[in-house]
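Listed next: structures, encoded as structure tokens.
After this come two complexes, each holding chain A, first together with chain B and then together with chain C.
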Partner chain A sequence: MKFARTLLIFAVVALCGLAFAKEDHQVAKRDPHAQPVKTEQGHGGHGEGGLGATLVAILEHHLVDSDHMEFFGADIHLPTFRFGDYEFTLTKHRVWWLIALTLMGLMVWLAARQKTAVPSGFRNALEGLIVFVRNEVVKPNLHEKTDAFMPYFMSLFLGILFSNLLGLLPWGSSATGNVNVTAGLALCTLSLMVGMGVKVNGLGGFLHSFAPPGVPGWLMPLMIIIEIVSFMIRPFALTIRLFANMLAGHAVLAVLLGLIVSLMFAAPAIAVAVGVFMLEIIVALIQSYIFIMLTATFMGLTMHPSH
Partner chain B sequence: MGLQNILNIEPGSILWTIITFLIVVWIVGKFGWKPIIKGLTDRENSIRTDLETAKSEREKAGAMLADYKQAMANAKKEAADIIQSAQDQAEKHRAEMETVAKEQGQKLLEKARVDIERESDLAKADLSRHVAELTAKATSRLLGRVIDDKEHEKLIMEALKEDR
Partner chain C sequence: MELGNGLALLGAGLGAGLFALGAGIGIGSIGKGAMDGIARQPEAAGKIQGAALVMAGLVEGAALFAFLICILIWTK
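So, the complex of A and B:
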């Protein structure tokens, strides 16, 4: 039974990988960036230059934001909205970010519908997650403010997690593999760091936290600069960490599956890709956890600078 | 847009992320997370209260059990004392009864012996008299004369003395 279950999981993951690879090669064939390289090299199909171009096309298709979305083979051109002089394009990553948030909302709505005194099934699992996030992540940093910020942290965790995982589906894409999305989330963290720092310690107290006690007067200007840089670099580190992890994971997967140009390459490429795919599931979870963990830690540091 | 633009910062995308995220956090927080977290917290508090109550009740029950055990031990001791006292009394009574019975037995025995002796003496006296009478009769027949009582008695007494 256990073996059959493992085999089933492996088969599903492998099928996802194959669908991913098939889609990549279809993309590579019609991608405008790939074609010139192929013709320049003078090789048809997957020659040495052709393979490189194919990989670049696959990476661009998967990792770069665009106003096109592919879904079950259909190429969807995303609309652009104009508001006077401003225009707003609904890009692929913006749509996948909305999908991730919608899925998160649906999950919470489904769990919240259960009104029984003793929870079961899905609600039970979600409550286990809430207890973990509250006791292990938020409470040690925010103390008495924990309950007020739990909805924010749970939404942040599940939003990032869904976004990370959606990139692993065929035709899917990780919005968190876009630096602008992670920057937006990190800016939310920065706002909370500053806002809660000022609210708890007052403006004077918050600014005073940039001048560490016990530092000689002549060293103080340098220390203040270092503290400010250290403070500002935290959201920057959050932005890059999540973005780079998602980008790298998907890039590795895309490259591995892009290598399936013949039967000789297919078997090892799929085997390694399945391994990386499973690793990516773990990375998706870990990165979501790290993001909320660091957000809570940074907020805790500004709220309680003496700690 | 190629791979070289992957690190490009687009304020529009950042704003889109922040606005959509905050709107979803507000909606999901109000209608989803808060009821779930409140339910969870209420249940935790209820379980904590129940556990504390159970602990307090258990302590009370423990104290009651100790009291009950003490009362049981006291009752057992009291019962044992009562039984011991009854046994002692019974033993004493039995000993008294035995003494009385022995005394009465002795008395009866003594009385019986006295009676037996008296009866024996009477029987002996009767026998002696009877024997004397018979002897006197026999002697009278042998001697051919009547011996009066005085003489008779004298002969008997002499004969008895010789027998002894």
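So, the complex of A and C:
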């Protein structure tokens, strides 16, 4: 029973990321060899807008979702599946999101195989992480509902963390650098905020939390509008925060390495890029932590509005 | 490059500078608070560092909204 529920929650999180991973107009369907040739012929590499245009091409190649995927120098064209009218293209970000979820599932499965009473080794490390999330992040916000929601928070945390870190590998790409994926994850949070608010306080109590007590009558309409806007902006801020952090990190790395136009620039550019790369590892950890911390805080706010 | 394009790029560059300024002030005041706290209570250094990192992440998130707008203008 408990296992089935955990599996169900995991599947919901996975699907939310996957279903939103691509919108048709965002997929750059193009010949991978066309871009560099065009920019070099146009301005000879250094003319007006030459370096800028090359950088834009590099950035687009690295950051935009596409149906091409590079792996060890090989250019893989990903297949498109058709179910009647519905078209499902396996894009770069979808593949890396699936890889992240597979690694995460594998890790938890490997750790859970150990059946001894006292955890050791790998399972010990994972349990430390889980206890940290449970006691420091979820419990102060959700109180007695903590254990019911732990599978959701751990799926979210490990999924986002693996996805963030996979983007730092060579040829890797982080699915959380796609605004549709983070929007899907934030929609999960929004539906939980509304759902648990209604379940705990009742529909009347939930709606009442938009009208704070002790406000004079003439100010009430304005306050209600402000409360509704601040409620709706929370999942939006979650979406943009994770997406922009991942996008900006990769953009900065690509721009720094794109600055190498001759051998002279190579050493300082690579030195700074290594520093930014180390910062990105910290950012990947912090952003996945912030995402679940804010999810827990927002859920706690709608469930216990008086606090 | 015509004037409109140049002005747009100027706006993007100025925006980038301004958001760096804002984020710098924000993260600086977080760092000041954390240092003050650690100096007063060195035994709580671990907890303060963790909280300061998370706060820095939140400020950075707000700054990256601006980064996104700059990128959007630049690639227009």
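Just so we're on the same page, the second predicted complex is superposed on the first by the 257 of 307 C-alpha atoms of A that agree within 3 Å, B and C clash if a C-alpha of one lies under 4 Å from a C-alpha of the other, contacts with A are read in each partner's own complex, and residues count from 1 in each chain.
The rule we apply is simple: contacts are C-beta pairs under 8 Å (C-beta built on N, C-alpha and C of every residue); 3 or more make two chains touch, one makes a residue touch a chain.
As the structure is a prediction and not an experimental result, all values here were calculated from the model.
By the document's definition of touching, of the two partners only chain B reaches A:Tyr152; chain C does not.
Greater residue coverage of chain A by touch, when chain B is weighed against chain C, goes to B. Contacts of A:Val56 after superposition: both chain B and chain C are touched. In the superposed pair of complexes, A:Tyr289 makes contact with chain C only, with no contact to chain B. When the two complexes are overlaid on their common chain A, residue A:Val138 makes contact with neither chain B nor chain C. In the superposition on chain A, contact is made by A:Met104 with chain B only, not with chain C.
Of the two partner chains, chain B and chain C are each touched by A:Leu247. Across the two superposed structures, the residue set of chain A contacted by chain B and also by chain C is 56, 59, 247. Those residues of chain A whose C-beta lies close enough to touch chain B in the complex are 33, 56, 59-60, 63-66, 88, 91, 93-94, 97-98, 101, 104-105, 108-109, 111-112, 117, 119, 123, 126-127, 130-131, 147, 150-152, 154-156, 159, 175, 178-181, 183-185, 187-188, 247. Interface residues of chain A, counted against chain C in their complex, comprise 48-49, 56, 59, 237, 240-241, 244-245, 247-248, 251, 282-283, 286-287, 289-290, 293. Those residues of chain B that touch chain A in the complex are listed here as 1-3, 5-10, 12-18, 20-22, 24-25, 27-29, 31-37, 39-41, 43. Touching chain A in their complex are the following residues of chain C: 1, 53-54, 56-58, 60-61, 64-65, 67-68, 71, 74-75.
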